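As structure tokens, the structure follows; a few thoughts come after it.
Naming follows writing order (A, B and C), and every chain is counted from residue 1.
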Amino acid sequence: MINPYLPLPVKVQKITIENETKDLKTFDLEFCDKNDAEWFKYTCGQFAELSLLGIGEVPIGIASSPMDNRILQFTVKRYPIGVVSSTLHNLSEGDTIGIRGPFGNGFPMKDFEGSNLAIIGGGFALTTLRSLTKYIIHEKNRSRFGEITIMVAARDPGEMLYKYDLEEWSKREDIKLIRTIDREVDGWTGKVGFAAPVLKEISPSSGNAYAIVCGPPIMIKTCIAVLLELGFKASQIFNSLEMRMKCGIGKCGRCNIGSKYVCKDGPVFSYTQLEKLPQEY
Amino acid sequence: MMKEIETRIKEVVKDLFTQNKIDLFIGYSKGSLPLTSSPCFITKSEDIEKLVWNSFCSNNLAVYLPRIFNPQPRKKEKIELPRIGILAKGCDARSIVVLIKEHQIARDNVFILGIVCQGMGDRKKIRNDIEITGAEEKNGRITIVDENKKEIELKREELLSDCCIECQHATPPIHDILIESGNQRPAAPKGGGRDFEKKSIEDRWNLFQEEISKCIRCYACRQACPNCYCRECFADQTKPRWIGVTDHISDVMFYQIGRIFHQAGRCVDCGACVRACPMGIDLRVFTHKLVRDAKELFDYEAGVFLEEGLLLATFKPEDKQEFISEP
Amino acid sequence: MIEEKIIKKNRLNAMLQELSKEYSIYIPAGENGDFRFCELRDTNDELVFWDYRNTRISPKEILFPHSEILYEFSRDESHQFSISQNNDDQRKMKNVILGIRPCDARAIGFLDRVFIGEPNERFVDPYYLKRRIHTIIISLACNRPQISCFCTSLNGRPDGEEGADIIAFDIGEEILLKTVTEKGKEFIKESSKWLGNVKKSDIDKKNKIFKESAKRINSRVSVEKVKEKLDDSFEADFWNEIHRKCLGCGICTFLCSTCHCFDITDETSADRGKRIKCWDSCMYPLFTLHASGHNPRPNYKERMRQRIMHKFNYCPENFKELFCVGCGRCIRNCPVNLDIREVINQVSQLK
């Protein structure tokens, strides 16, 4: 029997500082045991518990694509009161940590196939959206999906995540990439403004489309309002939620929103589902 | 007598609402089990009839004040402080004094309806295997009915909580209105409960371990205590984490020692922690030692004089120091 | 086929003595009406629980202990770690829980759904499962219900069989044992040399006693509409009032026989440590506090609502069962007499 509480050892291959505030770092992890890598099959939108023995665990969305073999990526924000995130930020390349997972439902990739996708990410909630994008644009998968619009919102250019990927994506013909920042900054060539108005401006078509929104609560709320206005139905809109978690497997009882456990029934919910759940997140 | 006091309470509360002096009154209502009363929050005069007064109005109601005046999480906007009427026995009032002195409550917003307390009963004084299906209190006697409809008559005094037996402050030291309770209880025997003190250090330690080993870390003692208003209890802190969260004796002792010592010079001996404990731990053995030490070493009793400084925040040249080297 | 057997009370010690070679035996132990499940150490001790009422803490603690070591680990400076699983609390692999009341046995059935789940469950709690599959539950039909007991309102009975492998009935000098599950039948077969056959008069005696016992449970609440009412009352004003006297302690959840929320935490000294699973409570603010400082249940109100919703709405949604067995522990032990029966009644009357 699998013991879902047991972490598998992974080695920190690379640490990338993602933003100017330096409170966001991406960790490239490689399984110490090749068999574990074989076993750890995940889909876009799933998460894992990063496990620091003696410190604790933190649930983080998987930022790498299932198509990237060997390397798992996680982007972690450091919080002053977050014991685990602070310790993670003090790690060095070559250190070993544990990982438990993959957990959660992930995005409904089968449903997405054949449709146009509007991928909307704000702040540092871009992580699983990056996994999704990287998966879709992979040469083996691209033809199965329709038009792709990606909107990335950040406070200022320095806080924009995955700049290296955005640069690459911006060069592709098959992606419409929009970057926006809250306030005008010298030399900025992208859009200026909050996510919702910019989304309204670019008005992705709701015909044969899905919209996936991840970001701070206020951004999700305003963007969903815009999407509904643009004709998206609730069933065409998806979110990924965050909650405090411990077990990751729907047992410990803390990450529920109504009768749904974010760790087990989520973290991805359609807006149809969310509408039925209490506003307690 | 109890009935008369109850009527008087209702009159006073009615006046307070009629004159628009309070927004909320905290008193007691009838409990759902025999020999219990339950804290009760009255916000409109229609509900005043729910208020009761009997020998089991034992909860220390002051516990609710800090959370009303300092809501968690902190609100960004400045909140309008409610005006609260509160029923206060001697010990509740002493807790209120401590809370005022420690700047946890706004005195101007609290209307204290003081009652000279006759001491409160403790349901746990009746053996657990007697199933009490009913109880009636009359003229200082309490008749309980067991599951076989057998009546057992007890004197009120037989059921009094330990802290009430030894209480020296039946009269609330602070009040806006005081309800007398007529016949005074016989003066409490002074200096009771010295058994613990007489024991050797080893025996005390053993007794402490034995008693505390029953703890299941439900934190009822902390939550029931008006003094335990810390925004973040040391037992909950994670950065740094001071203690483990298990029920292992070492973790439990650390928690209990920490909590009990935080009561030094502050504990008013209301017994709330003892009554709340679901495991029957007699925490008072330990808290009472602190109460006695404060009295004997520094002639200090918590919550008695509003004008007096806090014991641990006051230095006097003549303060004793032996306790540091000779516990 | 149900089997019924009988054993004289004074023969039970001998039987337990033999069983104890193979099984850890848990019984209610205590005095003055204050009981708690303990491992039977000395099988010569007189068994005193025949007319106990119920234990203070629910026997869930045998299968789901307050604190449990998931594994131990050691690590070096670069966080390189090695894990060892500790098995020493499984000294004897097999357990018998004897004397658990039917309400609590039923609650174990509920815990099974959480920790083990359906046969195709993606994740199973291996620690719970390991104990559970090696445990025989012999419940003791309830002959001394309390005024705070309300099992009959929640599909329970003082002689209810759900959750037990065998149910025992105290009929005076003797104990009547009735098998409920295959596991129980197997166990009875193994112990057959201690057991006698049941006479018609024994059954009559049993029926009489436990009919009487059911009549003694007079406390009733109406739960029929509770789930439905709660579906639409997440935002109801009712929650603003009902929580007010709650102190926010964990008594109701810790003593509850169906509450199952837990925390996972690490304890270390230098380079060694343990990862521990231990009871947690939705009544504590830290339960849902995010590292960002955000808390979806910041106040007493939200936490109280979560407890009630979890028991009477979310669990019925997920497990088709109200997660309360009416054992009354939370009622007897709440320091402010916040009576769950009153909460249920008020919910039932919501518009």
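Assorted remarks:
Everything below uses one rule, namely that a residue touches a chain if its C-beta (ideal position, glycine included) is under 8 Å from a C-beta of that chain, and two chains touch if they have at least 3 such contacts.
What you are looking at is a predicted structure, and each value in this text was computed from that prediction instead of being measured.
Taken as a graph of touching chains, this assembly is fully connected, with contact between every pair of chains.
Among the remaining chains, A is positioned farthest from chain C, on the basis of C-alpha centroids. Comparing each chain's Cα centroid with the centroid of every protein Cα atom identifies chain C as the most central. Chain geometry summary: the mean Cα position of chain A and that of chain B are 50 Å apart. Centre to centre, using the average C-alpha position, chain A and chain C are separated by 39 Å. Per-chain Cα centroids separate chain B from chain C by 32 Å.
For chain A, residues touching at least two other chains, in rising order: 81, 83.
For chain C, residues touching at least two other chains, in rising order: 263, 265.
By the touch criterion stated above, chain C contacts chain A in their complex at residues 70-71, 73, 75, 78-81, 83, 85, 114-115, 122-127, 129, 234-235, 260-266, 268, 273, 275, 277, 280, 282, 287-293, 296-297, 302, 306, 309-310, 313-315, 317-318. Across the complex, chain B meets chain C through its residues 31-34, 36-41, 59, 63-64, 67, 71-73, 127-133, 147, 216-220, 222-224, 236, 244-248, 272, 275-276, 278-280.
Those residues of chain C lying in contact with chain B across their complex are 32-34, 52-53, 56-57, 66-67, 144, 146-148, 216, 241, 244-245, 247-251, 254-255, 263, 265, 267, 276, 278-279, 281, 284-286, 295, 298-300, 331-333, 335-339, 341-342. The part of chain A that touches chain C in the complex is made up of residues 1-7, 9, 52-58, 79, 81-85, 91-92, 94-98, 242-244, 246-247, 249-259, 264, 278, 280-281.
Listed in rising order, the residues of chain A touching chain B in the complex are 81, 83, 86.
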